[in-house]
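Below: a set of structures, written as structure tokens.
Two complexes are shown next, each including chain A; its partner changes from chain B in the first to chain C in the second.
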Partner chain A sequence: MANAIVTGASRGIGRAIVEKFASEGICIWACSHNPDTELEVWYAGLAEKHGVFIRPVYFDLADEQSVSGAMKGIFAENLPVDILVNNAGIPSGGLMNMTSTGELRRVLDINFVSQVRIMQLVSRKMMRQGNGSIINMGSVGGLEARPGYLAYGSSKAALMWATRSVSKELGPYGIRVNAVAPGLVDTDMGSYKKDEEARKIISGMPIQRKGEPMEIANAVYFLASDESSFITGSIINVDGGRIV
Partner chain B sequence: MTNREKYVQAFVEGLEINADQTEGLAYEAIPEWDSVGHMNLIGCLEEAFDIMMETDDIIELNSFEKGIEILKKYGITIA
Partner chain C sequence: MNVIVTGANRGIGREISSRMLQEGHNVWACVRESDGEWLREMQSFCRRDGQWIRPVVWSGLTDRDSVRHAAGEITGSGFAVDGLVNNAGVTSTSTYMMTSMEEMKNVFEVNLFGTLLFTQYIAKKMIRQKNGGGKIVNIASVRGIKPEAGNISYGTSKAALIYATKVLAIELADYNIKVNAVAPGMIPTDINASKSEKLKDRIMEETALRRFGEQKDVANAVLWLLHFSNVSGQVICVDGGYV
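Moving on to the complex of A and B:
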């Protein structure tokens, strides 16, 4: 039975990843920002249904000490950490000249620096284990240059570059590092784009609809599982063909 | 096993060297203590003392003696 850390687990794609992993018999430390009793009830039901554990872990990605403390708590359980899914992130929009340096730093801190921080901590445990799979949540927004997404697009581009770079550093330790780059997905965060802009994007896609969170979770599970044992340093676009 | 023995053993395992090579050893002074060896060493130290080192400390740990100083921050005394 494998164990996974999933960040941003409370909603959207993260919630679907928790559901998918649990259904595949993977135990989960489900990480999110705010304690949520309803969510914990859902975790408990899911865990019981599939015979796994799903432990809620709460921390603030913007606070380095909070991140370290949470990881220490997980490691203190003395269980292997086989999978890390760096899924948490925040949306941001605005033209370059409408983006303050403060906002730019905030988005880069949460969507990039914090993700690297978690990789640093978890990879050292995986190195000692001699195995592991890390999946970062990229975005086609970090591959496709569109006006109005300087902070978000740059943060996701940085994370995807880091994915490829770190895959070379961690490969010798038996750790695979990949990313999934979703396109438009039917989540709260996916609804950040204005309807008109979303319609325009969808009209140019071979598969003309938004993706479902579970369609992203399926790709994440593939990268987490041994089915992808010869894949590392890859970015898998799950975007309905938006970028071809 | 004393803390010093555990500390030396971490160098032996992490860098794949002999115990008599550890005293006075510095980062990149021998081929075994390169960046890859360094991460192996950090892993062994974290496991031996059940700690999670901060990135700044990992960067600053550039000698056998400096490591003893850094470990004090984690409440580990090596006599």
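Moving on to the complex of A and C:
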């Protein structure tokens, strides 16, 4: 049985990943920001249904001490960590001249620096184990240049570049590092865009609809599983063909 | 699911066919020769009543009449075609200055023109059939992405196939047909047997996982694309982190 750390597990794509992993018999440390009893009840039901554990872990991605403390807490359980899904992230939209450097730093800090920090901590444990699969949540927003994507797009582009670079460093230790790049997905974050903007994007897509969170989770599960044991440094776009 | 696999009796094609059969799907196996031993082995993978593997014998992708005839055999069978795996291909290794245009044309004839012609026939069927749609997976190569000396014919043919994959993904999306490619890296098959030890060592050094892949790794990615719904126009490198 495999064990996975999933960040941003409380909603949207992260929630679908928790559901998919649990249904495949994977135990999960489900990480999110705010303690939530309703969520914990859902975790408990899911865990019981599939015979796995789902332990809630709360930390603040913007606070390095909080991140380190949470990871240490997970490692203290002395269980192998086979999978890390760096899914948590924040949206941000705004033209360059309307984006403060403070906002730019905040987005880059959470969507990029913190993700790398988690990879550092978890990969050390995976190196000792001699195996592991890391999946970072990229975005087509980091591949496709559009106005208003400066902060978010740059942060995701950086994370996807790190995915490729780090895959070269961790491959010799048996650790695979890949990314999934979702397009427009039917989540709170996907609804961050104005309707008009979303309509414009959808009209240019071969598959003219928003994706479902479970469609992203399916790709994440594929990269987490042994089915993809020779795939590393790859970025799989799950975007209805938005970028080909 | 009813799926066509070209080049189905060797290497990666054989692996894909056997895996599809083991999962309970039906397979049209396009081959140049159908030998009894191979067919019996494939039939042994069938696990339910009525499940089938049908060899479709053609004289290869360079023969347009044969391609048309093979496509007709499949599309006229009365079964829906849910998937097409364009696996058949030829390799060619020679430096640019030593490559005749005839050789290049031959490689393109198989890896691009023949493949696209066959795909046209099958896509027409996918468009017309009830609850239209289907999945097409092209077997490309990391050689079509990362250039390497001595690969002018093979590499450019696979690069063209990758481009074609993306165009088809756009054009066929309206008909609910998803088109993707898998780009294998160094997989020990007949097609890679001719590579020098020196070249293999260098590729190994550049491969993050420090090992070569297996045919099942490629089959896993193909099967995933055949089953998955919201991915189109993508190229999945199964290369241990080489590209």
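The rule is simple: the second predicted complex is superposed on the first by the 244 of 244 C-alpha atoms of A that agree within 3 Å, B and C clash if a C-alpha of one lies under 4 Å from a C-alpha of the other, contacts with A are read in each partner's own complex, and residues count from 1 in each chain.
We take it that contacts are C-beta pairs under 8 Å (C-beta built on N, C-alpha and C of every residue); 3 or more make two chains touch, one makes a residue touch a chain.
Model, not experiment: these values are computed from the prediction.
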Based on the superposed arrangement, let me know which partner A:V140 touches: chain B (first), chain C (second), both, or neither? neither
Classify the contacts of A:M127 with the two partner chains as first (chain B alone), second (chain C alone), both, or neither. first
What is the contact status of A:S68 with respect to chain B (first) and chain C (second): first, second, both, or neither? first
Should A:V81 be classified as contacting the first partner (chain B), the second (chain C), both, or neither? neither
Check whether A:R176 is in contact with chain B, with chain C, with both or with neither, and answer first, second, both or neither. second
Chain A residues in contact: does chain B have more, or chain C? C
Scan A:L159 for contacts with chain B and chain C and give back first, second, both or neither. neither
Using the superposition on chain A described above, determine whether A:I201 touches chain B (first), chain C (second), both, or neither. neither
Chain A residues touched by both chain B and chain C? 172
Residue set of chain A touching chain B in the complex reads 68, 71-72, 75, 120-121, 124, 127-128, 172
Hey, which residues of chain C end up touching chain A in the complex? 166, 169-170, 173-174, 178, 185, 207-210, 213-214, 217-218, 220-221, 223-224, 228-234, 236-241, 243
Mind listing the chain B positions that touch chain A in their complex? 36, 39-40, 42-43, 46-47, 52, 54-55
State the interface residues of chain A toward chain C in the complex, per the touch definition above. 167-168, 170-172, 174, 176, 206-208, 211-212, 215, 218-219, 222, 227-234, 236-241, 243-244
